[in-house]
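One chain, chain A, appears in both complexes that follow, with chain B as partner in the first and chain C in the second.
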Partner chain A sequence: MIGFAWGSAAALALAWPSTADWWIMATGAVTAASCAVLGAFLVLRRMSMMGDAISHSVLPGLAAAFLLTRSYSIGPLLAGALVAGLLTALLTQTLHRYVRLPADASMGVVFTSLFALGVVLITQVKGVHFDRQCVFEGAIELAPLYTISIAGIEAPRALVVAGVVLAINAAVLLLLWKEMKLSAFDPALSTTMGFPAGLMHYVLMSLVALTAVASFEAVGSILVVAMLIVPAATAHLLADRLGAMVLLSAGLGAASSVLGFALASHFDTNIAGMMAVAAGGLYGLAALFSPRYGVVSAVIRNARLALRVIRDDLLGVMYRLEELAVDRRLTSRDAVQAVGGSPLARWGLAGLIRRRQVLRRGETLELSPEGRAAAQQLVRAHRLWENYLVQYLGLPLDHVHEPAHRVEHFLDPELQASLERKLPDATHDPHGRDIPS
Partner chain B sequence: MTPAFEIHDMTVAYHRRPVLWDIDLQVPEGKLVGIIGPNGAGKTTLIKAALGLTPLASGKVEIYGKPYAQQRKMVGYVPQRESVDWDFPVSVHDVVMMGTYGRLGWIRRPGRTQRLLAERCLEQVGMLPFAKRQIRQLSGGQQQRVFLARALAEQARIYFLDEPFAGVDAATETAIVELLQTLRGQGCTVFVVHHDLETVRHYFDYVILLNMRLVACGPVHSTFTPENLQKTYGGRLTILDAAAEAMRQGEPGP
Partner chain C sequence: MIALSLAAKVMLGAGLLGAVAGVVGAFAVLRGRSLAGDMLAHAALPGVVLAFMLTGSRNLATLSAGALATGLAAIGLMTLAVRWTRTKEDAAIGTALSTFFGLGVVLLSRVTRSEAGGNSAGLNSFLFGEPGNMLTSDLVLLAVVGGAALVIVVLLFKEFRLVSFDPDFAASQGWPATGIDLTMMALVAAITIVGLPMVGVVLMAAMIILPAITARLWTHRLQTLLMLAAALGAVAGAVGARVGHGIPAGPAIVLTAAGLFLISLLAAPEQGLVVRAIHELRLRRRVAQDHLLRSLFELTESQLAETYEPVTQFKLLRADRHWSASRLRRLLDRNQLQGLLTVAGDSVRLTPVGVRAAAEAARRHRLWELYMMRFAGAASDHVDRSADDVEHMLPASVLLELEAELSTAPGQRASLPPVPPSPHPTEEPAP
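Moving on, here comes the complex of A and B:
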């Protein structure tokens, strides 16, 4: 955290050979993964902002540790950060529980005050040399400059620290996997079984504090906060098992780092910032395209449903026309007009023709045998439902067509069978028309 | 014989405002017990206090003569269905496995024995075909069955169920009652927070009538009487009536 002017660092980043680039990416990726595995539990416990709070409030812990020991060595700094992190969690809970401040407000009060205290300490007290910009943005581009030697390899110190933190997080999570899972899902049951949810909360908070302080020297608080929340939120959209979510979260964190580095090199901008932006971008993609919750997937699902309803309606119109035994045959234009005349209607008709349920005969259309069978099923469902509404819900005759029209598309064979059991001798609908079999 | 469940002179308070006053009761083994009372009577609080989830202002709770902390493995708990996040990334089978965690203790991982047990419990509630489902895909009744299967996996002697019939279909309600009766048949004692007064006589053989204080506790036939129900549900109403009358007249009541 010794200050370097940001501009010269960027210039250095461009000039460095690619081994340095790899070290930066690896440092970012491992740091992100160590944050992201914890993030999964923060997101599931609905305390994502606790990651934010703790990563800010470790600052006074660092400053106080320095003031007490007058050294930059990692041990006292970690201890200070851990104490500050746990104090944040404890104060937040105390304010919430005993002073009855709402949970979000108590978190806000605690971490902004502690963070401000930290800022005051590092700017006002003589002898503390923290670079404030470094606290926010980190100095990941400088990571390859400070190396230590491990098994003959000169590796960036930040990468080694991040690796150790990741290993600690992974070890604790593996060891306490079932306890973490249970206390996150059902804290009350966890407590009654003798795994106090409060204790698990502080275990998690300790890991967050440790990870935050170890990471933000290298990558800055913006990236720590982002990596504690965003990859996990993305993974939550995509995974439906806890193990998968945690691994995916770590993978997404690492991927965001690599992607962010590439983008930052391309646009020649802040690397840590770009890594966080990349994580946000991946979340955006997941929010759009996730099969279950994605916006685009929902639009596609709705469009498919609308198309199916239109096709059903077209079949119904043609069947009812046949039923009236009039000679009139619909043209494509008539058919499309009959179901609303929208582009969707034309698309639906094209679909029926492609499925060979409707055949073209010169200018006009007619049902194929398969089309007629499908239409019969539909009209049957419609008229059974009308009967059901009259007999069981006591609706008047002029009120049953519309509801039946809405429901007919969703009466699968199973539901139809139970309708038939309820209406054993239904041969005609309430208006007197045959129910096709 | 030691009663299965005993509360001595217990008061529970939230922020120094008592919500349960001086409760004193005993329930013998092998009973199916309904905990009955109006909203805000402290039914959930009674369960939470019994399970050590809420601190006691005074008094004590004993499970077979010993404090809860020493008897954890004898007790199964089914919290209210809405108390958990049904979007949580776990399968039905995972949730039932959680029932086995208590007996495993810290750090030990569930193995084959626990998996088989979970499957048996799922089978008992008719949810085995859903074992691999993500829990968000379940209906309310299915969620409740999964919770019940998880409680079975706890292999307890005493069960506490918080509103297991809330928002479930008729078939599930019947299935749950039958299962609880089977448990009673095996010598278990089962406590159920219950709302529907109509069904009390059919479902339970013992009741705890509660409204901030204990109104009565005993066998259904002698305890679930109109007089006791009047005390349980009526106390609040007369005060409300008096208050409403005072408000209507625009001045404090007599």
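Moving on, here comes the complex of A and C:
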């Protein structure tokens, strides 16, 4: 994926895109952004599939509007799509709330039935220009051919439409920002505070229907569905604040369009499809490498924790050995064996030596003063916890070592202080050994 | 091999597909994965095209194997994303669906552009469904896969049932719940994919959901549900394939299934809208009657010491309840029929039976008010509303408890209505 991206970036640099290419990229980017800002709210409300549903179910609305007016003018088509979109939302809600069908099944029933109805309506009209493939794949490559002129500049019609939709979406979201925010996170609270979450739901659904139908002709339904869901899901992995998430989502949508275009020209293939793939690729990268929520980051975090635990355990072993006043000192191999003998254990020991908490004396190891102080803190935490378990939970003596062994790494000074307050005269652990100070 | 006409083949195939999709769809719907069929159908496309690119064959079994591979890959990636990241299931489904479908479109366009156009015709049918192209071998494949799926459902019925309703309990009992779950999903995947060339991507999702959810409206028992879903799916498939008149078979099948759903939605015995509307209407009538009787009681309370047939004025009653005149008239007429009151001109007279019913209504209301004041610490001007809502729902046992709780001496039993001694000797039961 990344390799491809670099490859096509190089290709781009060699073959500077033509004006038509710029128009296509701009159309894709603006359309994607207009979908993606709404997507953030769909994803947060756990209604992503509503984007999929509405972009399918506007079809009968379009067909009915055409049948009634016999024209391709944008007004009736938009009205038809809006009605169909709202109907989808309303019927889904009714089936879920009133008939108590599962939410996803309600949605599935409504949008597939409406879509089937749309297909039938369209085949019944003679002489309608309706290309099934076009509905799926769109014809973004043809966008620069249909232009309208604004202030003397010939711009693709699709770009202008997408720009207007983006402006409408942005305006409505800014105007209803706090209502949308509250109802996205806590619909019940929102309603009790006087911002009806239900109304916000329908506002959002109207915007989705409007955006879907406006984007349809230019980019096709795959791209609408992809851009409604994927950039927002990606942004959700990267941002914790709503404002940041919405902006990031729009940015990611635009970036996927540009990236998708570059890849599509490189491989000579369908542009809208490639834009969807690019968005998915960015999601994959975020799922792996997002600093807070990525899989790789989580693996690294876990590995760090495991290393810390093993370093603590090594210090604990060495301290206890000193405490028994045995002259014997551990060799590296013994120490590693004592904490499980895994490669991780060797790594942990190397870390301790690097930190100068453990010193090498020829073949054997010994604690440095700093290492000893750290080990004392740890053993103190361990034995305080053992005392606490015996005194307050009444656990038998032979049941307290294991839990203390697990918890000792997480007892920060604050928690230790409160343990001390609860155990004012603890000088020995339940097994009779000193609690170091 | 018996030679079948194309129409017969299509009808047989669609009926078969509907029946099997109904059965496996029931498990998908019960597990809350109704949209999995939708995702699978979309994610199958890149597999179909890849299989074609790799083998160059347009054989349905080869293409289906490719479809199954990418479909399962999409399910796997989606599950991992839900388990390992912050992404919720709906967003993961949507992401997998659109990315895989986009990939399919990309690959398909490569095939179309690299070979002289039209070569991808057989592949396109996976997108939109072309039942008219059905070959006998396709029918055989459908029958084999469908039959295998049904056999698996029968053999693993107990396991499927357990995991469908309570996967955590199944796991705690030592069943391989994840494996069973995946088997169910794999069945859904297999059926979705053999059905694709027939009805197309979007409508295949409908075949998974519609028969199952329709059957769900009629029954709470799994066996009945499965059989009903199979029957509904088969009927929808066969009827839809038969419609004709220029209506393509895929949408016709789905619309037939949707029609069956609508009929069930209206007519189902428990969850049906008609039955529910009747219940609602009855409840409203009862509530209105309770309110009317209590108003009558309160307006005539002062007369009750002297007469058993107290009288009040129509307009007083209207003022008390804020009802429209016509609504009040209808209500009075209904109560007149039941012998609770008589209306003469503008005066309304309670009959002795009506007095008793009115006193009962007022008693329920006031008991609840007193209870709210005594035990919930509500102020006396705050209890009327809540009592208005609750009084109609209080069962007799709760009323007795309220009476006992509110009696002046705590611990005292609720009062009994006066019963005169029996005029003839009664038999004491033997101790």
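Everything that follows uses one rule, which is that the second predicted complex is superposed on the first by the 415 of 437 C-alpha atoms of A that agree within 3 Å, B and C clash if a C-alpha of one lies under 4 Å from a C-alpha of the other, contacts with A are read in each partner's own complex, and residues count from 1 in each chain.
Assume contacts are C-beta pairs under 8 Å (C-beta built on N, C-alpha and C of every residue); 3 or more make two chains touch, one makes a residue touch a chain.
Note that this is a predicted model, so its numbers are computed, not measured.
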item	value
Three-chain arrangement built on chain A, chain B and chain C clash or fit	clash
Residues of chain A touched, compared between chain B and chain C (which is higher)	C
Which of chain B and chain C A:Phe267 touches, first, second, both or neither	second
A:Trp347 touches, of chain B and chain C: first, second, both or neither?	neither
First (chain B), second (chain C), both or neither touched by A:Gly194	first
First (chain B), second (chain C), both or neither touched by A:His236	both
First, second, both or neither for A:Glu179, with chain B first and chain C second	first
Where chain C runs into chain B (options 41-49, 149-157 or 365-373)	365-373
Those residues of chain A which chain B touches in one complex and chain C touches in the other	46, 100, 236
Partner chain B, residues of chain A touching it in the complex	44, 46, 100, 175-179, 181-182, 184-186, 188-189, 191-195, 236, 239-242, 244-245
In the complex, chain B residues that touch chain A	15, 48, 51-53, 69, 72, 75, 77, 79, 83-85, 88-91, 94-95, 98, 101-102, 104-107, 109-110, 134, 136
Complex interface listing, chain A residues touching chain C	43, 46-49, 51-52, 56, 99-102, 104-105, 107-109, 112-113, 115-117, 119-120, 123-124, 132-133, 136-137, 222-223, 225-226, 228-230, 232-233, 236-237, 264, 267-270, 272-277, 279-281, 283, 287, 290, 293-295, 298
Footprint of chain A on chain C - complex, ascending	29, 32-35, 37-38, 81, 84-88, 90-95, 97-110, 113, 124, 127-128, 202-203, 205-206, 208-210, 213, 216-217, 246-248, 250-252, 254-255, 258, 261, 265, 271, 273
